[in-house]
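The data blocks that follow each hold one structure.
One chain, chain A, appears in both complexes that follow, with chain B as partner in the first and chain C in the second.
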Partner chain A sequence: MKLASVVRRIELEDMALYAGGDNLHGNAEAARAAGLSAPIVQGGQLGGYLHEMLVATFGMPFFSTGEVSLTFLKTVKPGDTLTSGGTLTKEVPTDDGAVVDLDIWLTNQNGEKVVVGRARAQRKGP
Partner chain B sequence: MTTTDDGELLDYLQRMIGVRTPRMTALHPVESSEVRRFRQATLFEMLDPESEPDPVVVPLAFPVHMFRRPLNAPDPLALMTDPDCDGMDRDFNGLPALKVPMKRLLNGGYRYRFSKRARIGDTVSREARYVDIRLKQGRSGPMVFVEYEGVYFNGEGETLLSSTNTMILR
Partner chain C sequence: MSTDRPDNPSTMTGLRMLADNWNEVAVGTLSGSFDGIITDEMVDNYLLAMGNGLPIYRRQPDGTRLVPPDLVPRLAMRPLFSHFVRRTFGRSIRAKHEIRYFRPYHVGMRIRADGHLVEKYEKRGNRFLIFEAAFRSDGDEPMLHDRRTVMIFEDQKLK
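Take a look at the complex of A and B:
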């Protein structure tokens, strides 16, 4: 089963749009004040890239049947490039397809996993 | 933090488990231009040509982001870099603030279960509760793991999604 992988380069502008421009997720000065070398991407924004992969793979039914569980392992900073991925761990046939369980992740440009998690989706068809 | 303090803190945290909010409605409905900004931030590109009147698909987790802080209230994320912040006024999903003197906040992860797609124009409301709160000893001192749930509804009372977040205070 092939997942619709998403590749995204993270820009500070996008981070500020998502989290606001006056905190450590969207503002370099605020990040420095918190002892960080640069702003770090908010977890929900990272989740958004995995959500997109799942919606692109399983289509609109994922909006009514999908489940996602994520854990954040490493910080992500402006200029990082993330790639989503996943692998099938379980498949239970149903009348019109299957319920599938997946391990999912985001890796950075160094191949390090920055987010890992699990998802469950209903797949239509054989 | 002394052992006695830990005992008092534990008692307090135990009492907070199960505390919930009434159903609260977001200040405004799902609004097209806000959805477009959210999509730009997450680079979510999906369109649904059959969706009327707007082909823009509201991203899965958008309802979670519709509950803004009150006007003129400080950005809770910015509190972490405020030297005067003691962490005592931090709330989660509109639940009563946890009176825990820990300034730092880490996102320990989340779990979402999706039930129905939100549409442009939907009114969204939320109910929240503290599911679990635990005090643990870390290498750098005590930490509090806060697990809280949010259930999001559309204007017809249908569940859009439920979320469970884990936040770590230290």
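Take a look at the complex of A and C:
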């Protein structure tokens, strides 16, 4: 099955809109105060790009059968470009499609995996 | 939150306090609760921040509008977990996150959930906390289950 990959360049404005502009995820001053060289993307935002790929791939069934397990490996900063990916690991046929298991990941512009995980959802149709 | 070095006496006191909390806060402790209504504005802000233009999130002819599944735990995160962690242990960073979805949320629906500390452990000199929250509908149906692991980084540097 083909996954609907997501590619995004991360901007500080988007980070602030997602996580708020008063913390180390959306504010450079707050990040420096925490000992960071730059704001870091909140984990939920990273997971959001993988969810976008999964919703685009599975559609409505994902909302009632989806399972996602993510491990966060590296921090992501403004200016990084992320690409989502995944591969089929298991498919169990059901009456109206299949239950599908995937390995999923998010890589940065250097090809480094920043998030890895697994997903499962019901796929409708043949 | 202070990021002072440990040679600062006031920070040493703070670190001792956090260490005491680590021992005293019991597994099973209620970390927070959330009760709120999902609005169009919340969905619009999320989609704009994410650059997500999937047509599935447009309002449907029957007047309903789907909510991005991961938006719900994002809206509830601070009152359910983050405020408790910050107040009790200091800064944290997400290490793992598991979510299971049972039913879709639509704009206008109510989000209700309680968060609990379910495990704490130390590994390679770092301290980790695991929290869980069961989200339920007004009719008490399960909507989603959230389980997340955070690492305390009170005096660490992130690369």
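We adopt the following convention: the second predicted complex is superposed on the first by the 126 of 126 C-alpha atoms of A that agree within 3 Å, B and C clash if a C-alpha of one lies under 4 Å from a C-alpha of the other, contacts with A are read in each partner's own complex, and residues count from 1 in each chain.
FYI, contacts are C-beta pairs under 8 Å (C-beta built on N, C-alpha and C of every residue); 3 or more make two chains touch, one makes a residue touch a chain.
Quantities reported herein were computed from a predicted structural model and do not represent experimental measurements.
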A:T75 touches, of chain B and chain C: first, second, both or neither? second
Which of chain B and chain C A:A56 touches, first, second, both or neither: both
Chain B versus chain C as contact partner of A:V99, first or second or both or neither: neither
Touched partner set for A:G44, first chain B, second chain C, both or neither: both
Chain B versus chain C as contact partner of A:L88, first or second or both or neither: neither
Touching partner for A:D22 - first (chain B), second (chain C), both, neither: first
Partner chain in contact with A:A33 - chain B first, chain C second, else both or neither: both
Common interface positions of chain A, toward chain B and toward chain C: 8, 14-15, 17-18, 33-34, 42-45, 47-49, 51-52, 55-56, 60, 62-72
Sites on chain B touched by chain A in the complex: 37-38, 40-46, 48, 57, 59-61, 64-65, 75, 77-78, 80-81, 107-117
Interface residues, chain A side, partner chain B - complex: 8, 14-15, 17-20, 22-25, 30, 33-34, 42-45, 47-49, 51-52, 55-56, 60, 62-72, 117
Complex interface listing, chain C residues touching chain A: 1, 3, 45-46, 48-52, 54, 56, 66, 68-70, 73-74, 77, 91, 93-104, 157-159
Residue ranges of chain A touching chain C (in the complex, touch as defined): 8, 14-15, 17-18, 33-36, 40, 42-45, 47-49, 51-52, 55-56, 59-60, 62-72, 74-75
